[in-house]
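The first chain written gets the first letter, and so on, giving A, B and C; residue counts start at 1 in each chain.
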Amino acid sequence: MTAAAPNQPKGLYAKLFEPKRLGIMAPGTSVLVYAGLLFWTIVVLFPLYWLLVTSFKLPIDVNEGPRYLPFVDYEPSLHAWDYLLVEVGGDTFRPYVNSVIIAAISTILAVLAGSMAAYALARITYKPRFASILSFVVGIIAVIVLTVVAGVPWWLSLIVGLAIFALLARTVARRFRARLGNGDILFWMISQRILPPVIVAVPVYVMFQRIGLLDTHIAMIITYATVNLPIVVWLMHDFFLSIPRDLDESAEMDGATKFQIFFDIVLPLAKPGIAATSLLVLVLAWNEYLLALFLSSVDAQTMPLLVAAQNATRGPQWWSMSVLILLMIIPVVLIALALQRFIAKGLLVGAVKG
Amino acid sequence: MQVTLDKLSKSFGPVQVLHDLSMVVEEGEFLVLLGPSGCGKTTALRMIAGLEEVTSGRVHIGDRDVTDILPKYRDAAMVFQSYALYPHKTVAENIGYPLKLRKVPPPERDKTVREVAAQVQLEDYLTRYPRELSGGQRQRVALARAIIRRPAVFLMDEPLSNLDAKLRVHMRAELKHMQNTLGTTTIYVTHDQVEAMTLAHRVAILNHGRLMQFDQPKTIYRDPANLFVASFIGSPPMNMVDGNLSNGEFTGPGFAHTLGKDLSVGPAVIGFRPEDCSVVAAGNGLIPAEIYSNELIGDHTLVTCELHDSSAAPHTVTVKMDKDFEAEMGAQIAIAIDPAHLYFFERESGNRVRV
Amino acid sequence: MSSDRVSAMDTSATAPQALGAGRGVSAWLDRHSSKVFILPAVIVILAFSIFPLIVSAYLSLTRFRLAPGGFELRWAGFRNFDRLLFGSEQYHFLGTFGAVGWFGWIVMLGGAALIIWWLVRYWISGRARVVGTIGRLITATVAFGIIVLATVTLSDGGAFGSLMVTLFYITVGCSIQFAIALGLALLCAKPIRGRSFFRVVFFMPLMVTPVGIAYMFRMLADMSKGPLEPIWSLFGFADVAWANDAWAARMVVVIGDSWQWIAFIFIVMLAALESQPRDQIEAAQLDGAGPWQVFRDVTWPTIVPVAATVMLIRVIEAFKIIDLPNVLTNGGPGIATESMTLHAFFAWRTQDLGGSAAIGYMLLFVAVVICVSFFNLVVQRQKARFT
């Protein structure tokens, strides 16, 4: 057995990069670390700074090469802010309110339905029959075929579809014994996130057109809530697993219903997870572009579409764009700051075990 | 190797957790740092290891001042309470890791790992992962990882506290045997007085970051330096009765005891161990009392007696009696104490009053 | 008898009423809670995933045409797919095939050899199962297809189609993002001042809408009017138009995408670094490990499962990239920056619903194979080591 401790090295390298003790950095390390941090701070903040200064520029200030400092390089002007907030204020305000309504409500719905499902999958054992699910799919196919191909009104085909499902589930499905487990349901829900939105967009567009909900808040809210559901289920499932089951059982012994247990005991304990998940889902819904492009035109137009619309025939209106992007960033950043201490913890539990 | 602590202090912000700790641990000695949780013993150990910054004072290992050098140059091996095994490495890789860091060639490394594993009876588990081992086996892996380095000093932070009671007793014996065989200086932190008494050559008792007493176990038991040590060591603990010591006489609830020496300290505490006293018929003995309960433990009976105390809180005293002792609860009795085994303390400072 | 009654009354007077079996809505809900909890999510996801999948499948097999008073769908069989893979849209989807040189052949043969070796190793490992074999065969086929496609489109005279562009965004973008994000997380895990400041700043890009990022980078990347103009002039690049160069344009898209997503990976990796057991690191430090050895032997193995999961999330989202290429370059020059989603969107805009759905299905196929392979072969295995 030979393993003497190494001696403390001497020389320039050790002087620069070997700390005196744990918990502090050697001078060389320190310089490199802060240089790296500073560099990335600039990479992140400079584009945002550029947005800010551009929003105060006149077209001529933009077109004549780079101008960096307001008052020094150019005379700042409020023309873009004035134009967007006062002159055509209504046209800015409407998409903004749309975005707020759609993002907020869809987030609440997604987090509510998603965490209920995640909780159920973490606590209750499900054994759905494989055959029942097949019957359901057959029912849906029937609805689609009747509506799209045969031209039957959608409500009528829905009734027929339900009838087919009920009939199959009552008769054929009883003969097959194959069952699925919680893991299968969870995997299926999460895997929906892989579904490219471009596949979803066209059929959903056709569907809402048929029902007459195209370009409405409801259509956007339902779509966003559904698209983001898998993320909620994914992140929250493991958060609920990390909450001891004893708490549920103790509350149950005291006579609480399942819903009281969920809303009074489990949800408050899952606050960090809920906060982080909500923020993520909110950001995704707030910034979503592709589905909004398909599903909304005027009445339910959201902010990303308005930003994109600044690329007018006269060429991109950089100053207006900057104003709009800044208007979009501010509320989310404020919410993120408020929830900051939850974010890392909440995301981690899902990611570690997810 | 000798380990010397010189006026070691540690503050976390405004809170000072260790006050001027000075002690010399002799070469080959098994030293136990004992104290209740929060007394600063783990902090002291981590400062010796170099994991915690020293606020003031110096640490020497051998002749070297190691206060300002990184842990890896201190030649100290540590066994953590959680064992700190690497979950993604096998038992052999865990044990051999310190050698790998020292660039010992693989064949020699394997041989050494095998030898050390044999010492802790882990030869058959070398290819397993920590998660496939029981608590006791994980403990052995942590131990082997420390042994393989042949370090100047072993540091152990409550290494047995995560084991069940039976295994703890077993591992305690193994640990003591192994330390004796290797002859490596060992500093061991625990809050369990039985571990401290059984393992240590010398015990250092800490309370609120201050050294209370530093001596051999039997001295600490027989000759406690103050009220804290007296009440902390011993199971069941020493009986303490409040009273007054003046003009060479201690007066307690319903009794008085004359000392051989003329002393006056005012409020005082008289202490005596359960095994140094006995229950006798009322009227005899020193302290009149009433039987509160008695519990047969096996080879002895623990009798709890309530003193006739006119003042505030009722005092109880535990007496260790023979296993055949029998008495009715509520019976009036008296407690006789061997005067040679009476201890006196000042009530406020807790200092021992030597008679 | 009477004393019994008295005592019974006594207890009921002091203790709260025991909860009865209950009637009414809340009791009904409670009895069926297991269904009530999960059904909203199941129904909504079923309706919004199965339904579009089936409609898209149908659409992809038809040709859409505007007709008097609406539209008509004419059955086209697999012609839409045929067009993408072998026909007039092949250049757009798969890319233009160049003449493969000797180097290309080496790459393809080498790739094939690696894949076969990987399969053989699995079969002789003794763990081989039927399902595992089928899964690996699919993975191997797709992987080989991608290698061949990459080689032929990168050879002389070749050009990327939207499939390869998408894969380029994913492989290059995600690797860059992971490397930088992990680096930043390691920097932030050092004992630095102002950690919460850096954490908040580095997290901010995730909050910005991708459309906004696209316009922002169009401003920044403007060689003559953007803020970096002095730098370009200094190096004599002021007249270079990156938008006309396929690779430069693709890199600008990747940079914009990275600017946003590094934030997400960073925040998760930082949390992983901060939550790893301190004991293990201290034990290694005591045993003589330097910073690099601590990272390699202790930190990295602990954070790999988190890294694998967060990269899976990132790859899943990366398949959907559309906003950045659409705004930054409009897919150009030519089709050089067109992702599959953008390709499908352009097809939809020209009323080619069948083609659009067919591209969507191809995207779904590639995404499912890659994500499921990644999940089974990387994420699951990393997690298994810790449970």
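General remarks:
Following the convention adopted for this analysis, a residue touches a chain if its C-beta (ideal position, glycine included) is under 8 Å from a C-beta of that chain, and two chains touch if they have at least 3 such contacts.
For clarity, every value in this text was computed on a predicted model and none was experimentally measured.
Think of each touching pair as a link: the shortest run of links from subunit A to subunit B has 1 of them.
In terms of C-beta pairs in contact, the better-connected of the chain pairs A-C and B-C is A-C. Across the assembly, the mean Cα position most removed from that of subunit C is the one of B. Computed centre separation for the pair subunit B/subunit C is 56 angstrom, with centres defined by C-alpha atoms.
The mean-CA centres of subunit A and subunit C are about 14 angstrom from one another, to the nearest whole unit. Residues of subunit B in contact with at least two other chains: 50-51, 70-72, 74, 98, 102, 149.
Touching two or more other chains at once are residues 285, 288 of subunit C.
For subunit A, the set of residues touching two or more other chains reads 5-6, 22-23. Residues of subunit A that touch subunit C in their complex: 5-6, 22-25, 29, 33-34, 36-37, 40-41, 43-48, 50-51, 54, 62-66, 68, 113-114, 116-117, 119-121, 124, 126, 136-137, 140-141, 144, 148-149, 185, 189, 191-204, 206-207, 222-223, 225-227, 229-230, 233, 255, 257-259, 262, 283, 286-287, 289-290, 293, 303-304, 307-308, 310-311, 316, 318, 321, 324-325, 328-329, 332-333, 336-337, 340, 343-345, 347-348, 351-354. Taken together, the subunit B residues at the contact with subunit C in this complex read 49-51, 70-72, 74, 76-78, 80-89, 97-98, 101-102, 131, 145, 149. The part of subunit A that touches subunit B in the complex is made up of residues 1-8, 18-23.
Within the complex formed with subunit A, the residues of subunit C that make contact are 18-19, 26-27, 29-30, 33-34, 37-38, 40-42, 44-56, 58-59, 73, 180, 183-184, 187-188, 190-192, 196, 198-212, 215-220, 224-230, 259, 263, 267-268, 270-272, 274-275, 285, 288, 305-306, 309-310, 313, 316, 319-320, 322-323, 327, 340-341, 344-345, 348, 353, 356-357, 359-361, 363-364, 367-368, 371, 383. Of all residues in subunit B, those touching subunit A in their complex are 50-51, 53, 68-75, 98-99, 102, 104, 112, 115-116, 148-152.
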